[in-house]
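Both complexes below contain chain A, partnered by chain B and then by chain C.
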Partner chain A sequence: MIALMSKELRTYYNSSMAWILTACYLLVIGLVFVILLLQFGSASTRASANPMGMGEVKVMEQLVYPVMWWMAFLLIFLVPLLTMRLFSEEKRSGTLELLFTYPLTEFQIVGAKFFSALLVVTMMVLCSGSTILLLSRLVKIEWPTIGVAYLGLVLLAASFVAYGVWASSLSSNQLVAAVVTFGGLFGMWLVGVFQEAVAVVKEYVGDPSNLTHFETMARGELNSHDVVYYVAWTVLFFFLTMRILESRKWST
Partner chain B sequence: MITATGLCKRFGEKLAVDNLNFGIEKGEIVGFLGPNAAGKTTTMRMLTCYFPPSEGSANVAGFDVYTQSLQVRKNVGYLPEHVPLYLDMSVREYLEFAAAAKGVPHADRKRAVATAVERCSLESVVDQLIGTISRGYRQRVGLGQAIISEPPVLILDEPTVGLDPAQIREIRELIKELGKKSTVILSTHILPEVSVTCSRVIIIANGRIQAQDTPQNLAARQLALVPITLGVAGAPTGEVLEFLRGLQGVKKVDSEGGVFRVEADNDRQVRPQLARAVIEKGWELLELHARQATLEDVFLEIVSRSEAEEAASKPEKAAEPVAVGGENA
Partner chain C sequence: MSIHTKAALNTVLSFFLAMLLFGIILAISNKHNKTYDVTQNKRLSLSEQSAKLVKELKKPVRVVAFSNDHERKNVERILKNYRNANPAMFHFEVLDLLKNPARAKAYDIVYSGQGVLELLPEGGANEPSKRQERLNDFEEQTITNALVKLSDRDSLKLGFLTGHGEASISENQPFGISGLKMALEPEAYKAEEINLAKQPQLPTDLAALIVAGPKAPLLDGERDILKKYIDDGGRLLFWFDAQTDRSYADFLLQYGFEIPDEIILTPDQVGRITQDSAAVVGMIFDAGHPVTKDQKEFILSLLSHPIKAVTDPTRTNGYTVKPLVSSTDMTVVVPTAEVLGKKKMAPPKGKAASFPLVTLASKKQTPTASPSPSASPSPSSDEREARLAVMGGEVFTNQLLRVVGNRDFSVNLINWLVEEEGRITIRPVAEESKPLFLAPGQVRNIVGVQLLLIPMVFLLLGILSAVKRR
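Up next, the complex of A and B:
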């Protein structure tokens, strides 16, 4: 499993795919950070100019939280590009057939793909922490909140990657895998947006969206049901991917 | 080393492999010979645990392919058809990966890679990307990954397809060399390949074993029909053709520039009869020669017979399989 994982990581970083995606991610996060910082700056100037002491500003709530939210939101676009080739490429070139005849279990094969992609995303997300570090020199940061938010970000990434890996195992076409992944993740986000508007969804389905579970964590609240949600989602798609790979054996 | 008992594989309605029974001893190089879609690859995929058999069982290197799949896979090196490789890795990286994935201990990996590189003569390309090396070298890299953990069993699916004649010869030599250390199964639809490399041939058609023997014994088999070349002068071609067709035991006659190709029952009576009849007619007998059966003749006869049986067993679809059979032959 280590062998396969290091091979996957090498492919990611040798093919510059990981570098380019990380660069894009950091660029957009940087832009978002600058824009939010300027907005926050003008808001706090206005607040301090208010003689009544009204409109107090909170750094964590009004600056850090939106930045974290964008970090999570951007993953909807980047994870599909990162996971699309994992199985599709091997299916198309036939190397998957050879891999199945190596002394590796399906669990090891899926695990190697999953963890290597998750590692790339985690690296990406951790690099984006530079914005928070920068901020910590200017204002007081509540580090436990940041810790929980980053835990949430990694859990969210794990659920996205598990879903992306599963989508990649469905098709030998990378584009199909990417579209299925993006459609699914974006759809889940939309569900989260609409659930506020449509009471029925909220009542019967609870919180189905990946991103809404992150929103509480990004504010520093660590609830077991959010963690359980992500773990369950990840395990479900991990398991489904294994079943897809095993389906070649089902023809009787 | 390898035994198959009642091995079957079904894909939906279609029976791709039908009740295969064979045993392969340690150190043999066995060729699976058969037309395309005969079930060779399917059989190999079952032996390498890509998918399990629908019925029956197979034992490879002392382990069952279904219940002890992991152990089987540890003991088998497989080269699939079309040689799938990671084109963005260098030869060395790829072989190191294969060694690690196959569980070669860390301390032995460098040596295992060096040995594979040496045995497959890959020294000159070892640091190139696989995507940039020639087809012949890729085939060698494929063989290299198969032997990297020095497995006792090698399964090679059409190892020489798509190579030029010089490369084919090199790969055959290499396979023979590898056969000294391992038991080898290779599949092919190229006849000279088996007579050159294999110690035994298993002919498969329509998912069934049609014959298994050494290439020499197979070639020495009595054909049902014997091809005879007959040179006759002193009469118009049409007349001779007409006459020959009327003789007892003669199944088919063609002519080509005064030489007649006769297919007759494989019976000692036919040839003297032919000679006598030609002389009695007052024609000149220039040549009479029964050709020694080649492996190709035996193969074609076995395959076409199996297809005829197949067609006969499915009377409602009789027309279609016969047409297909003609193409394959």
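Up next, the complex of A and C:
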């Protein structure tokens, strides 16, 4: 499994795809950070002129939270590009059958692909922490809140990647896999925006949207339900991917 | 049935079973959710007062909130905090006003951001309940306030003396004290103004009397009423303003409070002080007193007299007097007339020292005529403890109530006065303000690092790996 995982990682980094996607991700996060930082600086100057208005300058709420939210939101666009080729490419080039001849179980094959993609996304997310480190040199920030937000970010990434791996296992066309992944993740985000449409579902199982669970964590609130949601989602799509791969046995 | 069909059915069935299991797991975890607030000052949690109030609910209540999509998540977050404290008794619905015009009309709601708190109708029906309180926003204070009203808790009556130029609870301006009234309502206090010229005696069910910065002196009859009230075990909070008539200092001296005609300043304020900036910080607290033992933030007091405790027990009429909050030991005192601009300010004579800003006095009393049982929540015998608190400067006016720890301190002081020590807590506050001032050089560096250096490094690594691969 480790060998397959390192092979997947080499594929990501040798093809420069992971590097370029990371560069794009960090550039957008950097841009968001700089814009918000300048706005926050202006707000601080305005507030200093009015001591009673100082209460409005809140670094965690007005600067850290929006940056963390963008870090999560951008994953909707990046994860499909990273996961689209995982099984689609193998199917298209016919190497999937070869892969199953290795002494590996389906769990190990899916696990290797899932963890390699998750590692790439986690690296991206961790590199974006340069903004937070830079900010901590300028103003005092709440590290426990940042810790919970990053835990949420990694759990969110895991759920996105699990879904992307499943979408990739559906088709031999990378574009179809990317569109299914992006459509699904974007749709889930929209579900979070228009919550009243799913009020009945929400009453029983909580927020159905992935990003909504992250939002509470990014504010510094660790809910057991949020963690269970991400783990259950990830396990669900991991399992479904295994079932899809298993289905090749009876479909051929 | 062929083996292929069986396998296909098996896959489809396992897909639906997995989805079902996923839903069941989420439903269970949603019902048994545990929340940990990791923010520095627990600002995402309910205050202890609100949580206690919800846990003590005896009848189920429901909030019907009308909110737009923009505010919805925040409204839900606050209402979830209440529900988590007592899921069996607290329910809520968040509705879109435009999509639910009939329900909005039934509750007489016109704008998004409004709602009602009501006793849950039988069977949880959608019809409005007869017992309801309107919510004009979904701040914790508003919801808790409505809960207090709906839960029929016995309110404690606080009297605010008027008629001598005192700060008013109906005044919304910076020097008014309407904010204090609002802060006290969620604690089940009922504030009312008392004018002794119109009513010849204090109400018998008064939990405490607050005299907030009177200017004109008391009439003889009024002074007698006040003295009898205290001697019968009354509770008095007195704010001695810079312009308060000196006759009050003589009145308070009999209870062990010595109030020199001086104002506390820091040495740097001397010579360039204005009335609006003569604020001193109270940060030396009596660590063993219930009011201040958990006080984390200092208090700010404007134009503050030192309230000294008379140390000679023969002069205190049996009252135990001791300071509760004092200024730092880097303060000096200056005659009041100089601070108010009536005389030219001279350099302070004494050395820098710490001066008491708020002082307390108490004494067990046997009332001459028993007040109503509702006057005090706790006495079990005829003997009551008279409690007095005197603050030398402005602390709980609208302009200062929200500054640092003033609100918590003021409310907790009143809780102690009426022997409701169980209510004394420090409330969660909003995130601390942390301004950030950027020099042009810093901005250039940040832009350089975040927009050029870091993305460039990864881009170059990508180009290098592509070249290497070729």
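Here, the second predicted complex is superposed on the first by the 235 of 252 C-alpha atoms of A that agree within 3 Å, B and C clash if a C-alpha of one lies under 4 Å from a C-alpha of the other, contacts with A are read in each partner's own complex, and residues count from 1 in each chain.
Operating definition for what follows: a residue touches a chain if its C-beta (ideal position, glycine included) is under 8 Å from a C-beta of that chain, and two chains touch if they have at least 3 such contacts.
A quick note: this is a predicted structure, and the numbers were derived from the prediction, not measured.
A.B. asks: Of the partners chain B and chain C, which touch A:L134 in the superposed model: first, second, both, neither?
C.D. replies: Second partner only, chain C.
A.B. asks: For A:L236, is the partner it touches chain B (first), chain C (second), both, or none of the two (neither)?
C.D. replies: Second partner only, chain C.
A.B. asks: Between chain B (first) and chain C (second), which does A:G187 come into contact with in this model arrangement: first, second, both, or neither?
C.D. replies: The answer is neither, since A:G187 touches no partner chain.
A.B. asks: Mind working out whether A:L4 is in touch with chain B, chain C, both or neither, as first, second, both or neither?
C.D. replies: A:L4: touches chain B, not chain C.
A.B. asks: Please indicate which partner A:L104 is in contact with in the superposed arrangement: first for chain B, second for chain C, both, or neither.
C.D. replies: First partner only, chain B.
A.B. asks: Counting touched residues of chain A, say whether chain B or chain C comes out ahead.
C.D. replies: Touched residues of chain A are more numerous for C.
A.B. asks: Once the structures are superposed on A, label A:S16 by its partner contacts, choosing first (chain B), second (chain C), both or neither.
C.D. replies: Touch status of A:S16: second partner only.
A.B. asks: On chain A, what residues does chain B touch that chain C touches as well?
C.D. replies: On chain A, the residues that contact chain B in one structure and chain C in the other are 14-15, 249, 251.
A.B. asks: If we count contacts the way the header does, which residues on chain A are in touch with chain C in the complex?
C.D. replies: 13-20, 22-24, 26-27, 30-31, 33-34, 37-38, 40-41, 44-45, 47-48, 52, 54-61, 127, 130-131, 134, 138-140, 142, 144-145, 147-148, 193-196, 204-206, 212, 215-216, 219-225, 228-229, 232-233, 236, 239-240, 243-244, 246-247, 249-251
A.B. asks: Across the complex, what residues on chain B touch chain A?
C.D. replies: 10-12, 45, 48-52, 54, 70-71, 73-74, 76, 78, 80, 82, 84-89, 93, 97-98, 100-103, 145
A.B. asks: Could you please specify the touching residues of chain C with respect to chain A in the complex?
C.D. replies: Counting only chain C, the residues touching chain A are 3-4, 7-8, 11, 14-15, 18-19, 22-23, 25-27, 29-30, 32-40, 44, 69, 72-73, 77, 94-96, 99, 399, 402-403, 430-438, 442-443, 446-447, 449-451, 454-459, 461-463, 465-466, 468-469.
A.B. asks: Spell out the part of chain A that touches chain B in their complex, as residue ranges.
C.D. replies: Those in contact with chain B are residues 2-4, 6-7, 10-11, 14-15, 93-105, 248-249, 251-252.
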